[in-house]
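Data block below; observations after.
We call the chains A, B, C and D, going by the order they appear; numbering starts again at 1 in every chain.
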């Protein structure tokens, strides 16, 4: 709806020694808590004594799962869940996850968050060997690599360990074999993945908020490069790929993760407040009220207000009923479209100098209208501040950052943006500060989208492998 | 989802001298802005050169209106819209509005917000004369009374004027005849109704936020007792029922209306902040952070924080994806249900003394769990404050206040509630203060639900006529 | 799909002294057996100890009733069902039946098959007295008339008796009051209505095939003018309106009724075979094979073949999967449309002289293409025969015969039709014969559509009252 | 609904040199004509300048394809369509066809009718080499084999030719590569496949009735073992696998194919009439009327009547509105279930000796009730005749014949069946006669289900490979 980046996916897994329908229920509930990480499709696979059942489709969790569907899924001793927003591969039912495949040793379900940088090369090599693909997503490549490795190894976890030597880039994986539930995180740890416990059951989840929503106990983050195996013998860890430098996506702290999550020891909410505070230090302003653009600018606005002592105010109402099926009237302009979703509160901004805070800006398509709302409501001055640096580079690790020509910060200077938005001043948080927002975080950060410096090699030849597979990809374009 | 009162309805109408599809589009957009006033059913009726087309059904605006449906409705020179939450009459497709009826002089569409106090008597009298009813809602009674009056009068507006002598209670009405659009408000002005203008078109709406969402200009509130007629000759007012004492529902300011609306000259958002400030004065507290329960407690919390100087904090995340189709897991207790919808932010409350603010409490069904969330997140003390007085009486004017036995404040003292909720202290805003929150409002208030003092006579015999018509009502119980 | 007349409605009612869910189930099953009488909307109302619940909507029985809906309806001691094809009143959810209304004495559900000839006058008179209407169908007029009569009488059956003095035209009614189930048939008996018994329960149904489908026993037809009352005291009959000349719609025997029904003592299937035999006598032909156009021409074709001794053959396959949601390809002509629904069987017709039999023809829109199919399949000669006379007049009694300009027999002579259809000869059954097809039937017939001689006065002024209420009717045009 | 065997699938393909949306439209229309061959799922894939788009889902053609879906599919120069009833692989969205896969040389769509006898071995061998499978159907195995062959060959048609050396059993295939449309039929020609032409476009279809429905011209059957390639250079044939003994499924003539189809030079309708005639010769009867059980017994009944000279009668009405969503009332017995779908016509059978004809019997679950209907309607004697021999063996070539224990003819002798059904006499057509019904057919027949003599080796170890892949299969069990 608004001008935001999209995260690729959220993953979840649960292993119990007391099999039942509750593994499906817990997964269903957890997917609600992870829905912000992907709204395009979702799915659940459950393993009942070695047999895997699954259901997945395009849509939000409540669209895809009815009471009847959940009941049909039955119960078991393991389940895997996934929510997805597509980056590689177009919107398609056949890209929905968990991916479930049969192979020599039985069956396997995979849920993946991230993006490989060498998927194109791997795919080409597999195809030269006679492989066929049903989808364009990286997860099918990963499942092939693991399957091939499985022939040469004596366990699924060894196959995953082998596969990790070949796949490059970002991946937080949850894998379900007929008897084991496995979580694995790439050696840089680009995407979050943590482990929790509830009544003796082991849980893997993209974010700790999913644990909270179930009343589970957070145990720890899975380490970059770590493989964790849960089976009837308990939980064990394989750390052969651990120990390298980490590169956690800083934008998880800025926007993607839910504010109530704690990642790598740092509170997301606190990080966003600190981003606001740093922003106030770097770009101070004389204002009467600090207003955040809902929902993502609210935390930083509060931090900005506290740092400056300027009163924090509620300057906008966001209409919670405008959803996917909202019908854009034919004869209306974009301007009206923002107005129907957002309204300024006159009482907060009238005759005031307003410090207007948002977390980030991507294409810059709706900001002019948002500023206009607050001007019409009587704001005397508008000082716009973003709690992250300008995006100027693509991301190869699991977000949908556009080609450079669509990024407003690639097309305009800060002064040009200020004039274009019609604000009195404009400021972005510095790269130096953005890496400090996650107070106490036990990780280093990837800031490639701001700096162009990436922790691993960029994909060869084509920037995103979706362009390389033109013929294949278009197959997927029907829902 | 949470423990809140429900407003009955929202109404909307538009009259243009440049007929087209835009009257339907504007109504559709406005219903989104009024959706908070009723989520059970909605509808639009449009008048095209004297012919009325309509569509209405159970469901939210996006459920009921597809692009195809909107196109089929066509265009015209007038349209009426309605969103409904049922109080009188059970949930039923046949209670959806606008009500469209044929009578001697053609056809008529009615959209009604409110509740009559003499509907039962009127209905009985009409039935003795051979009337048949298709629904249990008051709107059908009103349409009969107007139709009967129309036989004796020479215009629809005179018929409305006549009818207003007979119907008692709360009503904000928008009526569409083949040639005129009429708005009428009961003499006490229980429910809001305002008039606006957009490119020469005349608009009637329950709240000014609907005008804002269209980019329309707010003109003024319709006066208690006033009838406003829009037709090809322009707009005119009939004021024969005006001039008595007003009794605007104070709970519109506390909870029902959207914060960005301005009613009777007072900002709703400001009123809620003021409620928080008065609350702080009446029930001060030693605390480290002020936290509002989202969404309705946020405004008051900010007012409480400003008044006391205690920092305002964001203490909860509300899951925006939990909707009507959320499936309550069978084996989970109520406790989990709150947890999936709401999560406390540890970083905000851990080791803190928390002033916890909500706007109101009705049955008290989820508060224990909400307090529990914040306790688990590490709050050292929890001081609960409500920005309105305790509900101890039914409402006869358009809200769904339960019979007394379901109201927690009828069953427990404040001290008992404090212990039941598990909080360290508890306070309610006083009745004296609640009538002062709407600064500058040009109206008096109905506070019957707090005081038992009603501005008009209570319904005779039965409290709500739904109990009187047992046979009839049950007819409606199927969707 | 094909060029056929449409029947207005089917009605059903059941009364039991052993209340339960089975009354709803039986009604549901019976509506399947009556579905051929109306495919536009359907509904069921059930009475549980005086309380009426109902569900109705646009669509076929399986579209409208799910397991959940049937369960929600619950059980009771009476139920009424209805299937509808609209003649008066446009397609609209608010025209779906049973109509359920509240009035002075409680509630009432009505299911109606037929068409009043004085509905416009009655409606106008009621409106002058302040009545409001929600729909354009005659059933609402009937319910008003009965309600008014109820005030002056001491029982619902007396009110029906009174009402029958005022309403003119065709009606087979099933009426459910809080305690009684009543069936009534107009004095001419235009439409069928019979009574059956199953395990002590009393059943009213439009056709005996509905009784068979339940395994019920057929008792007798309800007499023209008769009122039958079922209540806790048993079944009784009111015959004050009986005894006049009857005028059963002969087209029920020709096309509307299901072949397995028995009406007025005559088998429908046999009547159609006899029609074919009379047709062979009146329009003999030298042919090698007799082929019926499915499904309605099959019975007559068999009769024709038996009478002539020419072999009966299966000349067409009808595609059973072409339903309401079939999408007519944009670039295809009407010709293809018939081809996809019907295919000729070469083996039956190749090099043969074919006697091609259909029951009737209305607009003549698809016959050219049907003949073309059989020509392409190699038929040497095609001799077309219709088992009823040409339609040249409107029907005022419950079918949707078009205005004359749309009836092909009003625009062309038999010779012109023969040339237009491209057949070698053409013949229609005579009016004299058509009244003899129902062997042993204890009734006279209405043949107004063929002769223009109607048993009751035609409606005044306008031919069909739908044209009189232009303003009102268009209200209904939205689903 | 009734006790019938199910055919596996229907396939369709079209190649044009004038690309456009019409290839999708024609495929859509043709699937209606082939719907009787599979009602569980369907799909269309279209190739637009090398890019393949597709849509497929569970459901009938009108359920799966809306106007919007068809439009989204766009146009192209080739399209492939499929209707499916599952035999191998459970009901599952992921088993819907056409299967679309990407491989080394681009993409490929496959539509398959038949059943491999060595699928299990092929699958195992592929898996040992690292293959992963998304489904349990044979089509995915075939696509792997072709893909592997494609690496070693220089064209897709050569790859198909190679693959045909490895795959054993029954297959009629339509394959679409980015530039070619290929049809292939197994060397025994178990399942039908023909070629037609329409305005220069080349069409492949399971049955000729699909050609008729489009107005296309039938050219010829594709020969057993033949590969036909259509591309920009025209149509050519590869016949290296041709010339062996054929073994066409005789049950296609008895029940599966549509009566208006012509297969291998023989009319299906005529074959069924002949079956009835042979039946009359083998099992003559003294009767007054010959009645077929609709729809499948009608043709044979007519043949029986003609042979014997006993009058043919219409003895049953089948309710056309009972579909998939019919809700079986909870408290009703099976007996009622037949009654609601079928009703006997008293006028035809009362006091008559009835020769009752059906095409076949499988489990024998509804025959008792069907006989009961005709007894209740007054039949004096009932002589039951089946127009094919008793089923006593499984089918490995694409039908869903049950394991032997479910086949009534495996459990009872003819005399026992006669008594169980409650008929006066009972007869089955002989195997000797059944192979003579398709007059003039240029093929030999597979009669394995009657004789146990199969034209190719039975699958090893397990009878049907679905039992071998227990783990895999259950993955598919969710829709």
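Going forward, contacts are C-beta pairs under 8 Å (C-beta built on N, C-alpha and C of every residue); 3 or more make two chains touch, one makes a residue touch a chain.
A quick note: this is a predicted structure, and the numbers were derived from the prediction, not measured.
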Q. Hey, which chain ends up farthest from chain A, C-alpha centres compared?
A. C
Q. How far is the middle of chain A from the middle of chain B, if each middle is the mean of its Cα atoms, in Å?
A. 37
(Q) So the centre of each chain is just the mean of its C-alpha atoms; given that, what is the distance between chain B and chain C in Å? (A) 47
Q) Just how far, in Å, is the C-alpha centre of chain C from the one of chain A? A) 60
Q. Mind pulling the chain D residues that touch 2 or more other chains?
A. none
Q) Hey, how would you classify the chain contact layout here, line, ring, star, complete or other? A) ring
**Q.** Pairs of chains satisfying the touch condition
**A.** A-B, A-D, B-C, C-D
(Q) Under the definition above, what is the set of chain A residues touching chain D in their complex? (A) 50-55, 69, 72-73, 100-104, 106-107, 127-134, 136, 143-144, 147-148, 151, 178, 469-472, 474-475, 477-479
Q | Footprint of chain D on chain C - complex, ascending | A | 21-22, 25, 28-29, 32-33, 35-36, 60-63, 65-67, 70, 209, 212-215, 258-260, 262, 267, 269-270, 295, 298-299, 302, 306, 311-314, 317, 319-327, 329-332, 335-336, 339-340, 343-348
